[in-house]
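Before I ask anything, let me first share the structure, which is written out below as structure tokens.
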């Protein structure tokens, strides 16, 4: 589209305004994290003119931002000490992402390259496992996990998150493999490579961008999942979304702490996204332009 | 060590401590090495002043707690065989649980060698956890946090603490004294069908709280009757509204809190949820009078009230936009905390207004006890499926022992003690100061309310569904204007409730 | 050019077949995909099919608190399901929520995608910022909007009242006519950027030539959008609708956190209802029945959708 | 020995038969081109030879051994693809070395072999580059290199030059043939470009619709096309094919087109029989007083040659003159035809009569 300079400026302006509207709730949430408790409910809402302080963060992470206020390091402790929970979240998200990407890569390579009877139906079946209401999965899982001792373990949560992400991952990755010409496989076949060598040395590296995009989506969905973690964990681990309900207490909600955790929890995921942003955008077409 | 290194090292040590990989003493020793005492850590922090909603600051958690009596020594003695066992508890995020989890637990762990894992969750999620645990007979939790409204549902899955106490004298804490628990509480929150389902653990209860400054300015007195409560609200609203509303509420549709508010007004007008025949009676004359009263009262509440649970209600008072309220006493300390409240030092507390008439227990069903002071107490029960029942029993005794309750109370989460002796403890009385986070100056009102004004919900297995869904959902529709009048609402609820009970 | 092969072992070529040794025969062309699919299938069997069958089993039983166990009840739960006005109400709420959110997120997402589909400086940053909404757990998003939509203290009613777009009460989540919209607001805020990402990716992948020739033919922007962009994007849009639609239909977190289904039953979704029956009322059998019914509906709808849009994998 | 033999080879996809009963053999060391329009089955046949498609009937033998079901890597073949199918994430070196790396040949051997191939193909300066940084011709040569280092018994080429520009194509034709001559492997080369076929092949197999139309040397298929299809397909500009009737059998044989009669070689055709008269444009000359007159429609000069489009009784005739000459449109010219190079075809069976 050819645009005049004025049109470009207008377009950029509108774009900035729209994104600002979307970013605003995040800014608001950040202010809540930095506000003194009292100001959170002040009317009219205080959006900038309050004492920025780190109290909420100090409680949530058990560290003092002493370099700012000349305070000593605080020991962790208390109900709202969330650093280990952030760690739990990262472990769960990273490993469930790894697991689902590995499984889905294998499966979608086969779906893309080998002839399978009723392939369309199989893929639809895979997709349909995502259609189950989470509560319907949670109860049976609870009993399986109980029997296999997976309750309240990292492995258990990682497995169920991997499952949850498989349909999307298979769908995405298959489209990426479909984009890679089959002749590459054939050339390698003639060169003497086995299927697995072709997959590992040739095709998977070529689909790396797509795999990265898939990984980001899996990471996000695992990072934000609530009901499975709630049902399948007890005291040994908890991820951020579930632990955020700890702030809802019988004498009120600790909004500042919740916001501090929310803001802090955005960072790891956002860093992950930034690292692969280019691939993400390409990846999300789901290969659907190829008929 | 340069200052930066020192901080990093300390943070690391603190982190290990917090994850339970280091006991308290080693932690203190490690801190001392750096020329810091735990006290210094606390004193140096401005956080000490901060103790808002249901939360004990880490700084306070590090203050040395002075355990009087010989309870800890006894624990050390009897706890030996159980060292290394783990006790698990899923609990609502209430003041005693928070105080124990963030401050007191290490002392118990250190004395006994028993590890305590506390899962802190919102009320409805605790119910979910317990349900699964009970249904699967799994015993992942050794201790159940039982809200009084679930008592009937879980009564078969817990061990009667009196039997437990008697059956194994070696584990029976000396001077535990069951009789020290407030009598009304034991009946109201721990007894179902002759079984004691746990020891009284916490007692949030409706008391009357009000803004002294506003009352003084308008020449009002705390209400002694229902009518006065309404007229107080109306007068304030007229004079101060809409900056300051007459009163406020916790009336979120579909939420248990709405049911709590309703029962207070219902009982206050001589009504009851059930009749002696076990049928719903909220639609009788008294019930409708209560609704009429409530409608008038709501005219003096802020607009957001129908979307608020206790959080919104508490905030509305903390922000100074509501001048009087009948609600949970455990709010009071947070309203007195200068960091989280704009009304610090301005509030006062007294007993609820008297009911126009009250039904007796005999005139109601399922052990319902009418009273304006709606209680939301909870007890701590040892699960029948517990993996370490004895260790759990030790913990339960310790958590509800007088000495521990004193510390919980003075740590300042706003809890209502369940023992007579705690109300009289000098350390508790000493904290009855105005405008501090850990104030206890509302406790006399709490105690008096428990004794004379307490209302308890009925106990029946279906109550969890009725009180968490049927009643608050239909009341929510009523307040949302989906019913023509209160009678239709109540008639419909009756139909639903009676249907549920019949099966 | 040197045509002589280097001296040494290589000259004879790579020894592929020793003399006299028969070549190995294998079914390499009909390579069995099942080894590759095995981990996936194993996962699905354990984590999807087992829950499915378990739910079917549950739907013919009911948890009896007295016995602390299940009791066979036959078709009772299904009977109850079809006679339950709450369930039908929830289904209606779920369907309206899904369709409205979907429509808005598609249209808004497409509009913003068109806006942001530019190589000008700064647009990459804008797209990056937009993805921020995705990394916040919906449970926290719900709390965030709960705070912002509070009738008394909330920012949104404050602003709306300020500009006169709202009457004095300011109630959103406790107003039966607005509550669903209030929940939708959180969903739309969080997931429109997801749509934008998908659509931007789709737009970037479009070939330029048809647009250039259309421009030479004198087509207007709108004509190009309707006649070229939309048809070429139809596959992308279809997949986005499918994936988002599935997730919307199962939505739980927002209503759970923001309204508990209220006021009354104005925002009760099937997922929430199933959750409540299962965990709050301990009616596992009925909860499972509701879940199965929800699954049935979404599978049927998705199948029709896939058939109509001719999506193929 | 590395002759390739096709014995009653058949291929079908489900119920769709794409070829049936294909039998021929390719002698050792020969360069054979499979030629035909797209969809004729030549690529399928090549892929079956490589082992990339299953053989549904008959058998393919390489060096006398049955190949059905043998893994491509065990067939001692190498293949160059139309799209080259290079591994994009590997350097040129690794692309060429891949087959040896998989077989775990010694490092030294691999290096020597790759350098040898690179020198042969002028790729030495590019060994460290990725395929994306190469031109089309260079990529094509990398694909060749990958095949070369295998030292296969049989080279398979699938339209390897179709993505190159005309000049490069001409050069690569020469290179490929040279390499073939040097390495003495058997080569099967698929193309739809008859120029490639004519210039490179020892033998051409012309295919259409899954059937073999003719197999023979380039001279054979050019000079003695078996049927109308082969005649039409081979040669550029294409042969003139005119429908007419036989006349003057015995005395002065000819073929009549309305009023004109073109001279024809003797044949078994009786007067009045329908015939297709084929004569290549280069076999028609301009004579001062030739027996046939035509009207110039258009003349194209390409520098060394002149291509005339001549109207002959309503049918267009192409004439190539080996010189540059100017004609006016509408000018009448006389044409001379060498009957020795005229072919007659039966329009029914399409087979060549003479």
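Odds and ends about this structure:
Order of writing sets the labels: A, B, C and D. Residues in every chain begin at 1.
Assume a residue touches a chain if its C-beta (ideal position, glycine included) is under 8 Å from a C-beta of that chain, and two chains touch if they have at least 3 such contacts.
What you see is a predicted model, and the numbers here were worked out from it, not measured in a lab.
Between the interfaces A-B and B-C, more contacting C-beta pairs are found at A-B.
Relative to the C-alpha centre of subunit D, the farthest chain centre belongs to B.
If you average the Cα atoms of subunit A and of subunit B, the two centres end up 36 Å apart. Mean C-alpha position of subunit C lies 53 Å from that of subunit D. Chain geometry summary: the mean Cα position of subunit B and that of subunit C are 39 Å apart. Averaged C-alpha coordinates put the centre of subunit A at 14 Å from the centre of subunit C.
Of all residues in subunit C, those touching 2 or more other chains are 28, 30, 152-153, 279, 284, listed in ascending order. Multi-chain contact residues of subunit B (touching two or more other chains) are listed as 128, 132, 315, 319. Counting partner chains per residue, subunit A has residues 41-43, 139, 143, 189, 245, 253 touching two or more of them. The part of subunit B that touches subunit A in the complex is made up of residues 7, 10-11, 13-15, 17-19, 27, 31, 36, 38, 40-41, 44-47, 50, 52-59, 61-62, 88, 90, 92-95, 98, 101-103, 117-123, 125, 128-129, 132, 136, 138, 140-141, 204, 310-311, 314-315, 318-319, 328, 330-331, 334, 339-342, 376, 413-414. Within the complex formed with subunit B, the residues of subunit A that make contact are 36-38, 41-43, 55, 58-59, 62-64, 66, 69, 71-81, 83-84, 139, 142-143, 146, 151-152, 230-231, 234-236, 245-254, 257.
In the complex of the two chains, the subunit A residues touching subunit D come out as 181, 183-184, 186-193, 197, 202, 205-206, 208. On the side of subunit D, the complex with subunit A involves touching residues 47, 50-52, 71-73, 77-79, 81-83, 85-89, 98-99, 102-103, 146, 150. Only residues 63, 65-66, 68, 150-154, 168-176, 259-266, 276, 279-282, 284 of subunit C touch subunit B when the two sit together in their complex.
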